[in-house]
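Which chain is which? They are A, B, C and D, in the order written, and residues in each are numbered from 1.
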Amino acid sequence: MFDPRDLPSANELLEAIQYFSQQGWSPATSTNYSARSATPGHIIISRSGVDKARFQLSDLIMTNLEGEVLPPFQGPGIKPSAETEIHTHLYRLFPQIGCVLHTHSVLGTTLSLEHAAEGQLRFAGYEILKGLEGNATHDMEERLPIVANSQSMPDIIAAMESYLRLPLQIHGFLIAGHGLYTWGRDVASAKRHIETFEFLFECTQVMRRR
Amino acid sequence: MFDPRDLPSANELLEAIQYFSQQGWSPATSTNYSARSATPGHIIISRSGVDKARFQLSDLIMTNLEGEVLPPFQGPGIKPSAETEIHTHLYRLFPQIGCVLHTHSVLGTTLSLEHAAEGQLRFAGYEILKGLEGNATHDMEERLPIVANSQSMPDIIAAMESYLRLPLQIHGFLIAGHGLYTWGRDVASAKRHIETFEFLFECTQVMRRR
Amino acid sequence: MFDPRDLPSANELLEAIQYFSQQGWSPATSTNYSARSATPGHIIISRSGVDKARFQLSDLIMTNLEGEVLPPFQGPGIKPSAETEIHTHLYRLFPQIGCVLHTHSVLGTTLSLEHAAEGQLRFAGYEILKGLEGNATHDMEERLPIVANSQSMPDIIAAMESYLRLPLQIHGFLIAGHGLYTWGRDVASAKRHIETFEFLFECTQVMRRR
Amino acid sequence: MFDPRDLPSANELLEAIQYFSQQGWSPATSTNYSARSATPGHIIISRSGVDKARFQLSDLIMTNLEGEVLPPFQGPGIKPSAETEIHTHLYRLFPQIGCVLHTHSVLGTTLSLEHAAEGQLRFAGYEILKGLEGNATHDMEERLPIVANSQSMPDIIAAMESYLRLPLQIHGFLIAGHGLYTWGRDVASAKRHIETFEFLFECTQVMRRR
């Protein structure tokens, strides 16, 4: 059902979703994922409530930047994820972003709770930091903000406002007890950011256990 | 051998069983799984003693709510799991339940032993709590009762009696040193509960190790 | 190349070997595995030096109970594992044994080193204990002896002698820093023992970390 | 595009790369791998910037020992990994080496940071030490040097100089916060070294957590 110009992105997004599921980063029906369409103002996004271990191409739908489902994707039970609002907010704010990914791993959950009071995680001295776009060395410090969880998306967006100023200094954020949001110019770049942050979470967890 | 009306549930149950095996939640020949048949008073249930890594559709059999194997599933060596009694008890008690799943993970085993004296695990503040039917927010507390292990199923059922009162306030229970029982209106819902609780076990284990 | 009567055992052994490799219980070219042939005095055994992630049916050879490779399995570079002596010793001692399996997991290695001075691991109160042949309840204690490692197989066998008396009270043993040996009446039973012990190792490790 | 004489090595290298990715030892686009060509002075090496979970035969290119890409592998965006210099240095120094592998696991990262001040990891008493070429017993001590990380390859090579003297006493080295380099006479041997060291990292981590 996708425009032939969008099919490569849709397939790449599907492959990333399946990969994250295999890593255990999308338990139950949590997490959501999107990519910008070739049509301005449209995005491809995972629909709500699907078991990610069984996710298929037909579970991707299209919305506009107001989060409204576009034809022919409308239908009974077809709705975008509750957190579509965060995705569309990021696309409206940052024209250079082509993909937004949200995973929900054990360590993304626990580290975000344990460091909620500090409001951020800091990572320094790791070679893997070069996996984040624009970082050319391990010899730097990366900050990942943590905001409080809420069932109201505007609350989460408001809490992120001060961080989401141009030029973009961060590569993602954590919602406490809920998981990671990151983005990139395309699916490959955003997927690399997910893998980089999840690896940094594991290193952080191992190091603190000393 | 299944009625065509039961084949979708049987296949979905099989897929869930294979998924749990891949996650390492069904070591050796432990665990058992069932779903309600389209025929009132009948259930589909895993037969006893099968290596879950090799489980096939032909390892699912049918019983009535007294746990008696129904034709044409009878045969030498074909018997339902020893814990069928727990499954049938739950189906008799709760008409709204369509699936009962029992996994046996390392953390389900160790947390149930370590918290046996308290008689329960408590989970609060996790977004994943919304994976349990009826929970609409992370901002609540979910209780998972723990009962003592026994080789007598009536003992386990008796220990659960006070929790199994309508309206159902819990989504499952742990048997100490033995693992998790959960249920749902259908296979997808019960599978989501397994994944949610196993994820909560992992978060709990990581958090207590601080 | 196998006698048709041995092909089912050989294939079941191959499947178990591939399963253990996927679990990470056979790093590098470690571990070895065998099953009794339908021909009295003959066994099927993994040959030495093969990467278990690439193990194939053609990597299984046949020896007699003196560990000599039988035709047509002889050939340049075809030799049984160095530890064949332990396998053949067990088959000679216990007629009821049809399969001997040796895995080399991280926790089998570390727990055997940490408890070497005590000479054993003890497991009690776990439902999974019923995975070991003859155990009918969780309410018992299972002992797993630990012997010192040696590059001389007769030394290892001598250290085990006092444990290997009929009636057989144990289901396996650990070699310190080296891993687990277990056995069973057939491949399925021995595989179940491996899974049971590895699960018990994980529970033990989690519980001691409290 | 490979010379038929190089195709077996290229395929074996590809299989190792895919195996390491499945183990989680090559997050994001980290890590690089090479094997000596049948043509003297040429090597097969992974090209830069590829997601290792999607790595294919066409992502292997050929260079000379100065790290220059050879025809017909040249092309836009086709470049060898930044760390090719380390690979070619090792091949020039040690004629007996046929393969160089570099993984980037969580524990390779964290242990190398935690032991950076000591300048090495020591492993003793593990049976798995026999996985390293030339080791005939567990009853020995293996040293794995750790050098400081740098974005300048000559700095890393200079830091390794004192260790890389003939006769070669070590089987690899760690770069702090960055991961493991090891080598072998062929791909199978170097792959066995990676698995051996990663297994030793896991044992070391478990033992220190006591």
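We adopt the following convention: a residue touches a chain if its C-beta (ideal position, glycine included) is under 8 Å from a C-beta of that chain, and two chains touch if they have at least 3 such contacts.
Every value quoted in this text rests on a predicted model; they were computed, and no experiment measured them.
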Labels of chains that are neighbours to chain A and to chain C: B, D
Angle (degrees, nearest 5) of the CA superposition of chain B onto chain C: 90
Mean-CA-position distance for chain D and chain C (Å): 32
Where chain B and chain D are represented by their mean Cα positions, the distance between them in whole Å: 45
Multi-partner residues of chain A (at least 2 other chains): 209
Which pairs of chains touch, using the document's own definition: A-B, A-D, B-C, C-D
Chain A partner contacts - residues on chain B that touch it in the complex: 15, 19, 125-128, 131, 136-139, 188, 191-192, 195-196, 198-199, 202-203, 206-207, 209-210
Residues of chain A touching chain B in the complex: 27-30, 51, 53-54, 104, 106-107, 109-110, 113-114, 149, 151, 175, 177-179, 205, 208-209
